[in-house]
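These notes open a run of structures that come right after.
Two complexes, one shared chain (chain A), two partners (chain B, chain C).
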Partner chain A sequence: MSTVSPAKSAGALYWPVQMRRNIGVRSLFIVVLAFLVAYGVLFPGLFSASGFAKFTQSWFPLALVAMAQAILMLTGGISLAIGATVSLGAVIAATTMAGPLGVAGGAAAVALTGLGIGTATGFIVVRLRLPAIVVTLAGSFIIGGAALLVLPRPGGAIPAWLSDLLAGNTPAAFVLLVAIVLLWKLYLATPLGLSLYAAGENPVGAYRSGVPVDAARVAAYAISGLLSTGAGLFVAAQTGSGDPVIGTAFTLNSIAAAVLGGIGFLGGQGTMRGALAGSLLLSLMISVMFFLGFTPVAQYVAQGLIIIGAVAIPQFRKVQQ
Partner chain B sequence: MTAWNESVGGKRALAILRSRPFLTVVIVAAVWIGASFASRGFGAYGHLRYLVELGAVIGLVAAGQTFVVIAGGIDLSVAAIVTVSAISLPLLSWPADPTGLASILAVLALTTVIGAINGLGVALLRVHPMIMTLAMATFLQGLLIIIAGGSAVTAENPLVHWLGNARPAGIPAGIVLWVIVSAIVLTVMHATPFGARIFAMGANPLAASLSGVPVASTTLAVYGISGFTSGLAGVLVLGMNGQGYVGIGDPYLLASIAAVVLGGTSILGGLGTYAGTIPGAVLLVTITALITVVNASPGWRSILFGSLILGLLLLSGREQARR
Partner chain C sequence: MMKSPFFASASALCLGLVLSLGAGSQANAAANCIKGDRKAPYTIGWANIYSVPTWMKQTQGTIEAEVETLKKQGLVDKLVVTDAQGDANVQIQQIQSMIDSNVDAIILIAGSSTAPARVLADACAKGIAIINFDSLVDTDKVTAKVNTDSSQWGDQAAKFLIDAIGGKGKILILNGPAGVSVSDDRRKGADAELKAHPDVKVLAETNTPYNVAPAQEAVTSLLFANPEIDGILSLGGALSAGAVLALDKQGREQVPITGENARQFLELWKEKGLKSWATMQPNWLGAFATYTAVQALEGKDVPAFVKIPLPVIDNSNIDAYLARAKDFPADGYIYSPYDEELFKKLLAQK
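Right, the complex of A and B next:
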């Protein structure tokens, strides 16, 4: 370290490490790229400004919940309450933003709710040592119930200018996504972010090496909650109103996107870029089915089949090799 | 004191007193006694019998779930399978089948096959159980809406009607069914080589496989059992309800997992018993009954249910540090 300038050695290390982390998801990137090209050929509208905006808007909430699930799975956790949390974020946005709190106050309420839910869940799972699956399953009832209390039936309103900004013909969703990815990179450089992988891969070893395992895991739950309610806010802006059960499908889709992206269930395996690619693939599939005129019900059936297939085929090849 | 402790009988008695299933029974008894003081009529024989009858449905679903969880997996498709059973049974009826037994057997075969497909995906395609069964649930949900639409279907099946309503010797047929299934499940789980293999697989799949446990076929069987008992629960719930509709099975997903975990079975696999799941199921029904007594809005009911389960988990469901 003393002979080489630190900046140079860090730079020389950074890119090879990043390339090595791509190995597991390289085939996924190729598939996503192929899908994107096919989609662009089928629906040339993608390359207009509004087409691109609409496309990223349909991807954005799924990308957020995939990140929310991935960050938990990296620490060895999981959440079955993502869907309910998205719903709660949506109804809070729809009831506060048009009221006296205004957009800023509403957004703050949404963010605080997400952080609060996440921190509470993380505390219960990590400190009280309860299994994450059961806690979040029970949590999904509590959070879903809270969403019903806030808004018993679809309604509420989002200011029109906000809907136009987030879900109109602007690439705001894409810009936000880039910003969130940059923030994620920044987070990975903080002590808590550095601990994330260690806490998931080998909690006991990490703990003995002085890694703040518990804090890293609770922080992961808090960030996950924030991303989920954020997705809810965006969904509410897309539809212009709130719906207490609008997020239900996100639970399965978030897990599916993370797993498609190569995130392991045991913790410490996978990358966020993989999860994002997985969510993009899933979102592409859903859009293609929509454009091909599948009814929502047939979409359910096809989605179930595709998820199993997409997860199974790479595993199957690995077994055969 | 020491002499009593060192005797074999004393040790066994202590082990039972300290075991999770016993703790769950104590909690159930405490809740029942407390509730019957608080609300008149709660402790009446008829009401408690009704609670156990409702618990039978959860108990049946949770029987398969216990097998799956002990084997190191999880089945998130049980709710969808219960619905499949309750909806396809009224649709499957033949004039040549006056008792209705043939259609029940056909439905049970169908749900067992659905479960076995889950097992196939988990064992051979190596899809994670959570993904496999969630995707199966999504798939079945879509299929059910296509088949049944939004309308409820009425069961004309005499045997199903008997199962849901008859009271041989004053005991509801559903409870009798549950007792029989429990006896079989406990025997298979704790007194057969198959049961031993399940525990071995859940504790350490690699070691089990190296020791000659046929992991693939055992996994297939475990998910098949889960499909079967969920199907049976669907038949019972159809009998008690008279009608099947999309969503009839939905409450049983969380309930089955909660019953398993409240009964002291480790969600990580390899540790547990159905003997704990049985009081776990009764406990859940009791909670639901108490919440109904409170008479709150759906939102509050959902919050109460989730919070009570969380609270009970704190009492009895904590993962011990293992290995």
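Right, the complex of A and C next:
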């Protein structure tokens, strides 16, 4: 019998537990690392400040939407409205920030919109017990329509200094991403955060154990909405303007990144680091295949093969065992 | 954001300075973005937004043909092609990769009229020739933009149709997707003519992708709702083909319709004996953009905007187009013929 104090054993347990959580995505990490090395070899400019900055800027919005999708999938939900929400965030940023509201007011409007959309979606899904896939599909039309109402065609403006700050030649995007990941770690330590996995994996059991299942799920939707409009704000800053359909592709890409990162559709399975690695792989693939000189047709095929490979390798191992 | 009058006047002064500097450098006759430090043979980057549609494949075909010609002249040694699969964000990343790999020219069809502006400014600052055609970007930081006039397209189409139905009647309007500049511009171009003829009543409008099936579906449901239709103002070739097929399937009489050089529509036009009019977004815009990029890199002055006159197909020359049909894919576009003489003439226009 071990006689260590509870505090010490908790500390000693932390890293082994974290390592065990990595098992499912270890092969993905290896693939991502291989791609990073390949990218560095093909394009040495990656190691310059501006090269690194531009690379992380390409990845950043995808990383945010991957997180937005992963949170929902961890609670057993899903969102088909992420792309539309990104678009709405982008057009709100592009129409408010150069106006009387200013950057702070615009950012607040973007954040409130995201939280509002997320909370509303969460309430409808959780309280009315409606399937998330249906609610968010309908939501995507409403939100996409709202984006077109705010800005019927591409336009608007983001103050140049903000564009240069977020998407210039400094790795501000990377710093922001690190900050967001740290916030995620903090959130997981709060009661709502702790309930997240339980609410996803076994909602009934969790509810009977006194876990605030509904609150955890609504909060997940709210955070997901905030991350999505935040990604929209970044895209607007990166491009210097708003486009009402700029986010469309993010819906599918966010799901791809999360699934690639080992997040299960049934809830409670997977890790945020997996989803982030998945999004990084999707982003890296584009640049690496360019530098390898793949033709567009070969890129389609290679993309599919890489995704299947990254998902299938852990399964092969399981079968062998 | 002007915080104070002083700041405003100071920035106005700076702007004036920049403008006069810009004017000064233009006197050297070099095109925008060109610094003169790049030497032939050049590497051309073709940043495609989406390679799957047939129009894009045919356009890429004209680019590849032009590159072969320029290779023989020793002006180009490599063509790099990317496909953003419809995602404007991916296109930005691919243009960034082209800058990173130091291509000499970028030709692009933009996936968003605003999104690539900043990455293109970076490319322009590096002396890369940028020729933007078809879907344009709202920025001046490119060497040249090349396009037909979408609003003229809508205007001429409306003129033909209103004329064909005798200045009054009930019509349908078929548009491309909402929120897409080309589709918006074509539609807006038709406004003046429609306003000038209050007797022309618009029964309904559709927004569908530029594909036959969704257009056919949309028109079919409109046919049920509207027993009497005198004409169809269609602002895309596949849309027209869908409409003609919908009328045909319903056993309704064909009505005057506008369209585009889609082979399927031109063949239906002949087959059903339509009274019709069509124009086109010529696929050789791609070849022309490639040609223009190399001309700019060679130090020639090229206009910042090259407006391509719309080629018109009507009942007088439809046979000439259909005679060449076998050289084009069945679901493709029969574009007007082109050669280097035409390109020279287009570049010389002011």
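By our rule, the second predicted complex is superposed on the first by the 281 of 321 C-alpha atoms of A that agree within 3 Å, B and C clash if a C-alpha of one lies under 4 Å from a C-alpha of the other, contacts with A are read in each partner's own complex, and residues count from 1 in each chain.
Here is the rule we use: a contact is a pair of C-beta atoms (placed from the backbone, for glycine too) under 8 Å apart; a residue touches a chain by one contact, two chains touch by 3 or more.
Predicted model, so just to flag it, every value in this text is computed and none were measured.
*Asks:* Once chain A of both complexes is superposed, is A:240 in touch with chain B (first), chain C (second), both, or neither?
*Replies:* second
*Asks:* Just to be sure I read the superposition right, which of the two partners does A:299 touch: chain B = first, chain C = second, or both, or neither?
*Replies:* After superposition on chain A, A:299 lies in contact with both partners, chain B and chain C.
*Asks:* For A:170, decide between first (touching chain B), second (touching chain C), both and neither.
*Replies:* Neither partner.
*Asks:* So, A:54: does it touch chain B (first), chain C (second), both, or neither?
*Replies:* second
*Asks:* Which of the two partners, first being chain B and second being chain C, lies in contact with A:269: first, second, both, or neither?
*Replies:* neither
*Asks:* One more residue to check, A:153. First (chain B), second (chain C), both or neither?
*Replies:* second
*Asks:* A:202 contacts which: chain B (first), chain C (second), both, neither?
*Replies:* neither
*Asks:* After superposition on the shared chain, which partner residues are touched by A:43: those of chain B (first), chain C (second), both, or neither?
*Replies:* In the superposition, A:43 touches chain C alone.
*Asks:* Return first, second, both or neither, reflecting whether A:287 touches chain B, chain C, both chains, or no partner chain.
*Replies:* A:287 contacts chain C only, not chain B.
*Asks:* Once the two structures are fitted together, what part of chain A is touched by chain B and by chain C alike?
*Replies:* Residues 148, 152, 297, 299-300, which sit in both footprints.
*Asks:* In the complex of these two chains, what residues of chain A are touching chain B?
*Replies:* It comes out as residues 78, 124, 128-131, 133-135, 137-149, 152, 251-252, 255-256, 259, 265, 297-301, 303-305, 307-308, 311-312, 315-316, 318-319.
*Asks:* For chain C, which residues count as touching chain A in their complex?
*Replies:* Residues 1, 48, 51, 80-83, 85-90, 92-94, 96-98, 100-101, 112-118, 138, 178-181, 184.
*Asks:* Once bound in the complex, which stretches of chain B touch chain A?
*Replies:* For this pair, the touching residues of chain B are 74, 121, 125-128, 130-132, 134-143, 145-146, 253-254, 257-258, 261, 267-268, 297-307, 309-310, 313-314, 317-319, 321.
*Asks:* Spell out the residues on chain A that touch chain C in their complex, using ranges where they run on.
*Replies:* Those in contact with chain C are residues 43, 45, 51, 54, 58, 61-62, 98, 102, 148, 152-156, 159, 163, 167, 235, 238-246, 248-250, 253, 283, 286-287, 290-291, 293, 295-297, 299-300.
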